[in-house]
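Labels run A, B, C and D following the written order; every chain starts at residue 1.
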Amino acid sequence: MNFEKAFGSMLRVRRVEEAIADRYAEQQMRCPVHLSIGQEAVAVGVCAALRKEDGVFSNHRAHAHYLAKGGDLKAMLAEIYGRENGCCRGVGGSMHMVDLAAGFLGAVPIVGATVPLAVGAAWAAKLRGENRVIAVFFGDGTFEEGVVHESINFAALHRLPILFVCENNLYACYSRIDDRQPDRPIHGVAAAQGCRTFTADGNDVQAVFDVSREAVAGLRSGQGPAFIECATYRWREHCGPNLDDNLGYRPQGELARWESVCPVERAAAFLRAMPDGAALIESAEKQIAAEIADAFAFALEGPLPNSADLPGYLYA
Amino acid sequence: MNFEKAFGSMLRVRRVEEAIADRYAEQQMRCPVHLSIGQEAVAVGVCAALRKEDGVFSNHRAHAHYLAKGGDLKAMLAEIYGRENGCCRGVGGSMHMVDLAAGFLGAVPIVGATVPLAVGAAWAAKLRGENRVIAVFFGDGTFEEGVVHESINFAALHRLPILFVCENNLYACYSRIDDRQPDRPIHGVAAAQGCRTFTADGNDVQAVFDVSREAVAGLRSGQGPAFIECATYRWREHCGPNLDDNLGYRPQGELARWESVCPVERAAAFLRAMPDGAALIESAEKQIAAEIADAFAFALEGPLPNSADLPGYLYA
Amino acid sequence: MRDDKKRHITQADAIREALAQALQEDERVIVVGEGVPDPKGVFGTTAGLQQQFGPSRVFDSPLSENGMTGICIGAAISGMRPVMVHQRIDFALLAMDQIVNNAAKWRYMFAGQVNVPLVIMVIVGRGWGPGPQHAQSLQAFFGHIPGLKVVMPTSGYDAKGMLLAAIRDDNPVIFIQHRWLHGIEDLVPEPPYTVPLDRAAICRSGKDATLVAFSYMVVEALLAAEALSQYGIDIEVIDARSVRPLDMPTIIESVRRTGTLVVADTAWKTGGIAGEVIAAVAETAFDALRRPPVRIALPDYPVPTSPYLVKDYYPDALYLARHIAAHLGREVPDAELAERLFRSTPCDVPQKDFRGPF
Amino acid sequence: MRDDKKRHITQADAIREALAQALQEDERVIVVGEGVPDPKGVFGTTAGLQQQFGPSRVFDSPLSENGMTGICIGAAISGMRPVMVHQRIDFALLAMDQIVNNAAKWRYMFAGQVNVPLVIMVIVGRGWGPGPQHAQSLQAFFGHIPGLKVVMPTSGYDAKGMLLAAIRDDNPVIFIQHRWLHGIEDLVPEPPYTVPLDRAAICRSGKDATLVAFSYMVVEALLAAEALSQYGIDIEVIDARSVRPLDMPTIIESVRRTGTLVVADTAWKTGGIAGEVIAAVAETAFDALRRPPVRIALPDYPVPTSPYLVKDYYPDALYLARHIAAHLGREVPDAELAERLFRSTPCDVPQKDFRGPF
């Protein structure tokens, strides 16, 4: 992994999402947004282990995955702004995104819905003899959906080149994992189902990358599905731009503990310890700020979509 | 366990199902029947560890469970014959059966459909403070349904008094387990999901009872859900009265091997080695033959149901 | 009863009150769902219930819609009276097997030996870009299934009374809320009361046309009727309230008086419940119809996310008024009508111009 | 084309042939389902395909309906053309989420960037006691969903041609078979051919009434029409063939000629597709109707298992003939009609008196 690149990628996700959060109150982004702030290392670490032609599926919390896989930032923001130049021409918004050129194969908000799709894409890759790996991101809560288990079973049966990535951020909306699952590790279930399993500190991009690389190498050599459970934490509210610790659903101090192991800052600290590190960070910040400003302008200037086009999207 | 009683119960199931098979060609039982011939020890061993007030749920292959739990034989046959005196007044037939008085809480043919119901019944028992255990029988194929995993998760989360009984007979219809699941034990998945798990030779009624007793004791003392995987084998065709080895979907000799470990004959051999064993078996055979003759007469003489009653069954 | 208290509360509060009263009056009642005990309390409809009734009556749920539905059916046939909550009706698609195959049929399959006293509360979403997977209006699915009762109350008064009736009912009831009704205030008496699960309500009498509306469309229908009344067009607005069974006697009696049937639904037009209303009237009261019946419903594609696309998607009061006037062959000054029915709020937030009570 | 071969084969064989030809002509086609490669081959419709095309084209499936549907969607958007098979339509209830939320919407959500060339074959069961959970006729569910195409061919000729058309189509198609049509022989040409997915067919012309029938009900409709013709009652029978889209132009053109509309469906009456046909005609061709439209469909409760109960459940040719004659106000000697339409087979095995071809 190119550590600087990974850092840059995380920083970019962070700054993009912060910018979304900052501007959300303007009420020009009129769709639900689920921010990944605090969870950037998972998306970036996993995608760093993938090739461009590999595919990624995601869920309601898609921005980080989309960007880490190389999705077009301008098209993403324009989509969130509901414009014709958005990646789905305004049909999708933040919760339904795609960038086929980047191998970002789709995100939709029904939890668990993309997990079997990813398995199907991996199946197609195998049937077509393509040397292609598919990764799918989902949360701890999503692991409770039966369809995830059906998907894992099929993937293990057919030894498909699929990487299941569980972002265990301890919560599904406001529900803590202990209110939804018994006390046993998620990855243990996947192991019992026949996956090669890995765990990683989801706030350490290098750690995520390391297990991903190993997992993906196994996939390319036909060893059957792999499952990575990453421990991480969402800083903001489940849906929307705000902090919500005031609501009291998380134990006191929990957020602060996780903020103290910020994935972006952790990587930055590592870089700062290197010669030129500080300069590098500064230049990344600048470049990203410029790119973001550009992208928001692109989105805000985007033409409005036309309702008359909608029926044509329905059938081929 | 009263071994003689368990033997008698198995023999009864066997003879009832043989009688159904024998008479099926008369075309008076005009509904699909899924026979348990060869699998009797699972139903009998598990139910021997249950009390009358405990509940059982079953599936398409329900006769053995129904009878082992104490369901009314006459009402069962009358149901299969589509009569008004059947346990569901002819609405259900072989695939939809219930005997509330016996704690046989329901069987329906959508695979997996009763598994969450059983968990819900166990949940109710816990919420109501009843000292009641619920058992649910399902096949190896059914373990592939996502709803089973959702059910296990909830049962483990709430530590419910439920016994999951997987009758692994290696097939779902004509599909062998290796064409449907990866090579890993089913009970291993349940263990990883937080169940106390057990395995048993499903053709050895004593072995099934022994693990069931242990499992049920744990349930009564609040240790949370238990899962028993029983290895067994179906002798006849998936659905219907016939042998179907000629179809060639099972490896040569497999059926013969399993027939050689017939659960009923095994128990009979054990009894025969005891003083009076042979006489006991003979008398059981006689008594069961008489009971079966009676029950078929009851069914065949049963009044015909009345279509006009149907709408009234729909809503309370 | 309706006026005995003069207490105006929002529909969200009315629903919350009904749940609290049901929990209070019958210890077999439990409430379970994803997010039920959380700080937002399913748009306020379940707020505080867990604090009030404890964690053994009010439960959060794993994300397992089919399994949890089956679990609640299992509890219902074992002496409990579960109320399940889905934040969006879309999620209930995952539970169609348990709803259709078990909940609706359990009593029937066993010839009436077991009841399934289960309420499934679902919410039809709308607004602020929920998009294709989070804003469907799937009442037609449930309305097709024998063994289910399906209601879609509009007023806060009805929401409370029908929810209490649903919970006391011994059958599975699908209780469909509309997100845009939650904030509307209505006169809601505090003591528990019930409203029948099978009766439409005439919310406004009229002689020129019968406008049968479902759920939130009643709001738009009332606005349209009010505007048309300025031009001497007299619309009878019927709040269908129930989807299964449809209250055909009330609807037909009205059509016999007006000769004209318009049905306004929150769902896609083709294959929706609006068509069922029209088919049932055409079959059994054909002679009463003086002109073709009309459906006003969603276009046959999913809702997009962008507000610039949504603005043309949902038929509103103006759309209704224009179409009804044209259908009746009555001239109405269009610009004036448009001004009257000018919607001051953007298309993706609730209609401000109707504030309740009903 | 229809007659070019004079080859009579059963519908099951016609379907099998279509699958084989699709597998032959396009290597992206795969066939997958519970029991697809098994010795019974889904009532013969998939028999021998795995032997012929190998285990990397023709697959058995775990019992995981929702997962497998999603997996097939995933394969479909990744360059394959999967054909999924469910032995009974009832099992598809477990997959409603993937069918409705993903298959139907994937192309739309992404503004047309990705197609979902997927065929889901389902079978409407009937006969020999399948009972409440194994013999539903759920076409109305699929018919309500924008983004799906839904067909229900009746003849073997159409079954083959529409299946080939469905597999070649770039959209998700629900292909609904009826168990009681599998055994009927029809003239089916051997070379591959297609039949459009959106056209009804007039199977018998007549001037007194338009009888639109779905799937197996076409068989009963044709028998009824034949019997009524003996009394000078001239019924036009339309095989709807497609559920979504309904071919309303063909239906309306016929109703304009006959003035009378009867719709016969295999499903429950309330909320079914028969109501949609009536609503669409009433809305758009009201003036053509000279009398009330009529639905003939299943009573609003699930099918029981006992043959003694089933015998009164399904409307058959005699029921249709009696009702249509009465509706037209035409006297027909009832005993004679009953004799003409006497059903020599029990109620739970297919009608012997119609042997095809269509």
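Just so it is clear, a contact is a pair of C-beta atoms (placed from the backbone, for glycine too) under 8 Å apart; a residue touches a chain by one contact, two chains touch by 3 or more.
Since we're looking at a predicted model, the values are computed, not measured.
Distance between Cα centroids is largest for the pairing of subunit D with A. The centroid of the Cα atoms in subunit A and the matching centroid in subunit C are 36 Å apart.
Each chain gets one centre point, the mean of its Cα atoms, and the points for subunit A and subunit B are 45 Å apart.
Counting only residues that touch two or more partner chains, subunit C has 62, 64, 66-67, 90, 94, 97, 101, 108-109, 131-133, 146-147, 300-301.
Residue numbers of subunit B whose C-beta contacts span two or more other chains: 88, 90-92, 96, 108, 110, 113, 144-147, 149-150, 153, 157, 179-181, 310, 313-314.
Taken together, the touching pairs cover every possible pairing of the chains. The residues of subunit D lying in touch with subunit B in their complex are 34-35, 38-40, 60-67, 90-91, 94, 128-134, 299-301, 304-309, 311-313, 346, 348.
Residue ranges on subunit A touching subunit C, taken from their complex, read 30-32, 82-83, 86, 88, 90-96, 108-113, 141-142, 144-147, 172-175, 179-181, 247-249, 304-307, 310-311, 313-314. Residues 55, 88-92, 96, 98, 100, 105-106, 108, 110, 113, 115-125, 127-128, 146-147, 149-151, 153-154, 157, 309-310, 312-316 of subunit A are the ones that touch subunit D when the two sit in their complex. Considering their complex, residues 30, 56, 62, 64, 66-80, 97-98, 101-102, 106-115, 117, 146-147, 149, 169-171 of subunit D touch subunit A.
Looking at the complex, you find that subunit B touches subunit A at residues 144-150, 153, 156-157, 179-184, 188-189, 191-194, 224.
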